[in-house]
Amino acid sequence: MNFATDIAGIVLGGLAAGTVLFIVSVGLSVTMGLMGFVNLAHGAFAMFGGYVVVLAMNRAHFGFGVALAVSFIATAALSVVLERALYWPLYRSGELDQVLFTIGLIFIFIAGTTILVGPEHQTLQLPAALSGQLNLGFVRYRTYSVFLIVIGVLIALGIWLTFERTRIGGQIRATVDNRRMAESLGINVDRLFTITFAFGSGMAAIGGGLGAEFLGLDPQYPLKYLVYFLIAVSVGGLGSVIGVYYAALILGVLDFVLTLYLPKGGTIFIYVLTILILLARPQGLFGRKEL
Amino acid sequence: MTEVRLETQGLSRHFGALVAVQGIDFKLAAGARHALIGPNGAGKTTFINLLTGVLPPTHGRVLLGGRDITSTAQAGRVKLGIARTFQINRLFRGLSVLENVCIAVTERAGAAGSMFYPAGRRGDLIAEAMELLRTLKLADAARHRVSELPYGRQRLVELAIAIALKPEVLLLDEPAAGVPSAESHIILDAIERLPEHIAVLIIEHDMDVVFRFAKRITVMVSGAVFAEGTPREIEANPQVREVYLGQAAQGAFHG
Amino acid sequence: MASALQLRGVSAGYGETVVLEDIDLALACGECISVVGRNGVGKTTLLSTVMGHTTLHSGEVTLDGQSLNGMPCFRRALAGIGFVPQEREIFPSLSVRENLGIAARPGAWTHARVFELFPRLAERLDNMGNQLSGGEQQMLSIGRALLTNPTILLMDEPTEGLAPVIVEALTAVLARLAADSALSIILVEQNSRVALNFSPRTVILDKGRIVYDGESAPLRADPDRLAKLIGIVE
Amino acid sequence: MRRHRLRWWEALPWIAGIVFYFAFPDYLGFGCELLVTILFALSLDLALGYAGIITLGHAAFFGAGAYTVGMLASYNIWTEPITGLLLAALVAGAIGFLSGIVLLRTRGLTLLMLTLCIMALLEQAANMGAAYTGGFDGLPSLPIAPLFGVFDFSALYADTQYLFALAVLFVCFLFVRILVYSPFGQSLTGIRENVSRMHAIGSPVRRRLIVCYTISAALAGVAGGLLAQTTAYVNLAVLGLDRAATVLIVLILGGYGRLYGAFIGAVIYLALEHFLAQVYPTAWQLGLGLMLVVIALFARNGILGLAETLWRRYENRRGPS
Amino acid sequence: MSRRIITALAAAAAAAIAAGGATSQAQAQDVKIGLILPYTGPGAELSPQMDKAIDLYQKLHAAQIKPYKYTIIKRDSKAPNGAAAKVDTQELLTQNKVDVIAGYIYSPDAIASAPVITAGKRLAVIMNAGTAFITNLSPYFIRTSFTLWQSSYVMGEEAAKYLHAKTAVVAYTDYPPGKDALNAFKYAFEHNGGKVIDAIPAGGPEATPDFTPFFQRAKDEHPNVLFVFVPAGDQATAVVKTYAALGMKAAGTQLIGTGDIVPDNMLQGMGDAAVGLITVHHYNADLDNPQNKAFVAAWKKAYGPDSTPDFTSVGAYDGMAAITHAVHATKGKIDNAAAAVKSLEGWKFNSPQGPIEIDPKTRDIIMNEYLDQVYKGKDGKLHEKVLATFHAVKDQCKALAIGPCAPKK
């Protein structure tokens, strides 16, 4: 083991962890940037998605890929129902009412999961092809990490292209820039938000499914990782896809490096980093708007 | 020659490449009634923000009574006697009219840091606030929540808060903006009754108001002083008319 | 001629403020009018009220006989109102291409037609919105509105802050737009020379009310009367 | 301006507090928890409700106070309860002051995240210093000296603790009440209602915010110290997000920026949680969650806000007739 | 055939006759048991395993319980901060007037409740909380679960003796049980000639960290063994998977740990990655003794073939056995805590985990520890086989009087 492979290992490990953080958080960033809605329950959709994946695989014996797709659709559908029925009336409320509402929603998700599935931890068995180690030529590394990084790049690229190259992506960015002007051009911002919300929740579901292997999955999920999602979003900058991607990867790699070389510090680094970044750039690394 | 209260020397403010205010030399005499007019985007509000210390200037100085206050913060300038109103109401909407004014009176009296007696016990401050409301004909609304008043009377509260600071220099940013014409006279009457020793600088679009009120007018265009003089001089100045009709070559001032 | 847009007894402002009082104004199909007045008299508010950005205190706004009251802004846009706002409001994180494209709707106005009108835009397609000069931003703002294929175009001080050469070029473009019989235009202008030359009909606002609604020609001929109406001189 | 005058119904909470003592001697442990939460929520209300400082890290100060009392008692340095609380206030206030200087430049989500991270840092520090703080296992069986040297803190029936906590809450409440109706309190309200106007009337806004944040932190420290004394126990959880989020929810539920929001919110939230959990220990969160969602959807500014709206509607209907 | 079962059968028969004869002299006497477990919050997934064991004990031993009748009052201890558990304990004692308290999954819950137990004078049976010094905090605590010192100490010895390891890296969850595990392992390992070259705190107990950086660090240090303690749950699965994924075995580092990294009810979810792991624990579901065979069979019959009891279940099951013993020994006066505790000092029981005893000096459990290895059975499922058994292991922290484990003066 030499220094170069060490570095490679660090980078790969950090990227893999950051990737899952990105996939879950990206929807939160965009919906918060678009509507300014403080959706603390975002992690609940990730959990819901994770459960769909695990149950689909363990009980209905779906393949991993199919389960992820099913989970995306199911979660997006659920989120649309909730958005139209419950979120919608709160758009004009203050952020504190939104906090109250979304915390309540988290409680309902936790209790609902406990009642319907049970409080136990769910395990996800990866397909054989994704287990074990992969020889990358310069280093051998765990296959699933490499898989996650590749998937993460594809998803980031996909979302980025959607954001940058499609009409709806342009409409989303335009609305984040200047909502009133976007509406003045005939863009239905409410519908745009519903679509974005559904997509963001679907992505969270995929993140929940992909991360279940090492983040675990139990009813406490939405609260356990809430802080990490918020950190990714605030460090990246609201409404910025690229921002969340870089923030998640930077946090993933730096956290990885620091825990590797200074494990006695525990999780202290991630908070120190966040504090320093936010004091230097209150709007986040890539944000334009004040948070 | 009256004494100069407020003066700027070569005052400029850039926002990136944009020059919002450029090299303004301006004098406001004690007890002045001075209007600042000019088309949209001329930099009038930016100028006010520079005077009050909301924005730091890129170049130049601000002097109050001969003293350089360029680096004095906003709160410090208020203490030295510069007060302002806003183009769009900035009131404590959830509080009563009296409370709105009391907050300002208390702050001015230096009592706002006191923690251990109820604000209601400072009868002197409340009486002062009530007196002010009476002169502005707001006494009957003293106990009403600001948000329940018609907009015209809210504008009066905006004015009352500024007067409560007992300023030497009062900067009024479109005091009658947004008020239905039927109500606008109450604002104008109030402005006319302002204590004489206060130097007043008013930004206003309504020329009736300007000509009725101002003894001196400064016209700003594209961030610079375009003309200055008595109302008669300004009215007679064909270039000013051109500016207002948009027919003067505005580009010249960008050059 | 049937009136495309009509305001009846409209009083409006922002929140509780009252900026416009008792406005009556009708615009026929294909007609162009200029609205002039000093700043602060409610010109922008007039356009905002048509667009649905303000609080309507009383009165009614109709488009092709259909009431717009209570209709959200984006539906008004879809119903055929195009908007060129005062500050241009280009989306800074979108490229020129995207600024034009995101809200484009099919119709007589195509990208090609817009580029023919503003060749400069075609050269700067890949620049970001915040990298444009003032004049280019204005072209983009107009092009963006045209591509939504409106029947009524609201333009708020398009010449403001532009160099004379650009104003001249823009004036030519405005003339071409005015000649398009399918398009009604309300042009808000502080530059009365541009305004009076733009349309045969001019509306003058003062203190939130219409003080003149009639032909432009007499005003062109009598600057003193114009100055009085606008309220610069007693 | 006469809002500061006492009204007859303001005696009700305290009467209820004393009645509770006699009526429910078996619930005094829960009662202590309730009183501590009310005090904690009250301290948050000062920062969030009055000065508009949105924080998700208020447990930092609660925990600082709890550990001050806990560590002094655990190492037998200082066990007197009243002065213990003053020391807790001092330490928490100092941390509030220092972090306030750094943090109160920012606003909104940034401020929220920064307060959260400061709290997490303290939690991690307490964990790393587990040799002194007891870490996750905490400092057990804290010896708290009898009150006035006479009244022992009984472990089984929390009667002394309850009355002590009630008295502390009463004193702190009086302090907060005086504060919010004072000129200083009024200027805080001014900052919340319109900060740019406060600048424009020459108010030293940042200094006021820091002072307010420090006082709020000190009160949170008292609440934390009180928890350590009434339960004779302190562990890492006093610094946790759980506690910070719960108190925020309690306050929003009750209604922030109102003196009694902390009371209403804490009573309803904790009572519901406590009794639902007895009836249905595995899924009581469902009921609690539903209540929060319903309140958020149908009330603006919590239960007190809802009550005010209904009251005004009733008055208006009654008015014309 | 175990004598115990015969006695049990005899007792059951006698009870049946007594009941059938309708001459029951002994009025069925109600024993109220207050059960405090985290039904919500991070510990929620552990509670059902214990609840099931408690129900199963009553079902299987209805005869022995007679003539007494158990009423179990459940309370949620919520987040593991001790606060809710303390109020629960207070209210169970003062409102519900329970005769005995049981449960406590998390140590803070037991620690915070200790003064209340002492003041309330009731027997309290700790069924899971593992911090060693807890039993010092109240004279009415007895523990039927385990401490980390028991398994980790043995693992430390055996890492040196059985596995002939010279160097070890320890990765532990950064909270008291983890630190106990570290200290116990290190003490035993280094007293047997090994050297702990690095001790890595790997995150907290609640959120599952990414173990890769910690294990990467361990891998780079090339120890003979990597000793890991994490709380049984999501983290255990992650540990095993990360170990396999980093290819540490091929690099010459054996993963060892307490049984927490291979909890019975999650073993199947770990897949082949777990095969070959070596752990020390006091229980696994494959233990080959008659009590366990009966216990597991009854469990699977009651809760389905996919459900498996684990060490938390056994702690609860043995706790119920202790209560039953005390109830009978005190002739139903179990609310006399001093007598109840006295009856349990030196109490011996043939548990599914093997013979156990309550240490009369410390009121803590004395139990067997097993050196286990995971293998893949013919049924395609994962099982554990016992490589070595260590009899009557005491809590070494108290035996060695280390730190807070030393009895209070």
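Going in written order, the chains are labelled A, B, C, D and E, and every chain counts its residues from 1.
We adopt the following convention: a contact is a pair of C-beta atoms (placed from the backbone, for glycine too) under 8 Å apart; a residue touches a chain by one contact, two chains touch by 3 or more.
None of the values given here were measured: they were computed from a predicted structure.
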Reaching subunit C from subunit B through chains that touch each other, fewest steps: 1
Graph separation of subunit B and subunit E (steps between touching chains): 2
Those chains which touch subunit B and also touch subunit A: C, D
Farthest chain relative to subunit B (centres taken as mean CA coordinates): E
Greatest separation from subunit C - chain, by CA centre: E
Centroid spacing, where centroids are CA-atom means, of subunit B and subunit D in whole angstrom: 42
Gap in Å, rounded to a whole number, between the CA centres of subunit D and subunit A: 33
Separation of subunit C from subunit E, taking each centre as the mean of its C-alpha atoms, in whole Å: 78
Two or more partner chains touched - positions in subunit E: 39-40, 44, 47, 174, 204
Multi-chain contact sites of subunit A, meaning residues that touch two or more partners: 110-111, 114, 119, 264, 266-267
Shared-contact residues (touching 2 or more other chains) in subunit D: 127, 282-285
Pairs of chains found to touch, sorted by chain label: A-C, A-D, A-E, B-C, B-D, D-E
Subunit E residues touching subunit D - in the complex, by the definition given at the top: 39-40, 44, 47, 74-76, 78-84, 86-87, 90-91, 93-95, 107-108, 111-112, 114-116, 118-120, 131, 137, 174-176, 179, 204-205
Touch list for subunit E against partner subunit A, complex: 39-42, 44-45, 47-48, 174, 200-204, 206-214, 216-217, 219-220, 233-235, 237-238, 241-242, 244-247, 265-266, 269-271, 273
Parts of subunit C lying in touch with subunit B, wherever the complex brings them together: 11, 13-14, 16-19, 21, 38-41, 86, 157, 159-165, 167, 189-195, 207-209, 223, 226-227, 230-234
Of subunit A, residues touching subunit C in the complex: 167, 170-171, 173-174, 176-178, 180-189, 288
Subunit A residues touching subunit D - in the complex, by the definition given at the top: 32, 38, 86, 89-90, 93-101, 103-112, 114-115, 119, 226-227, 230-231, 234, 238, 264-268, 271-272, 274-275, 278-279, 282-283, 290-291
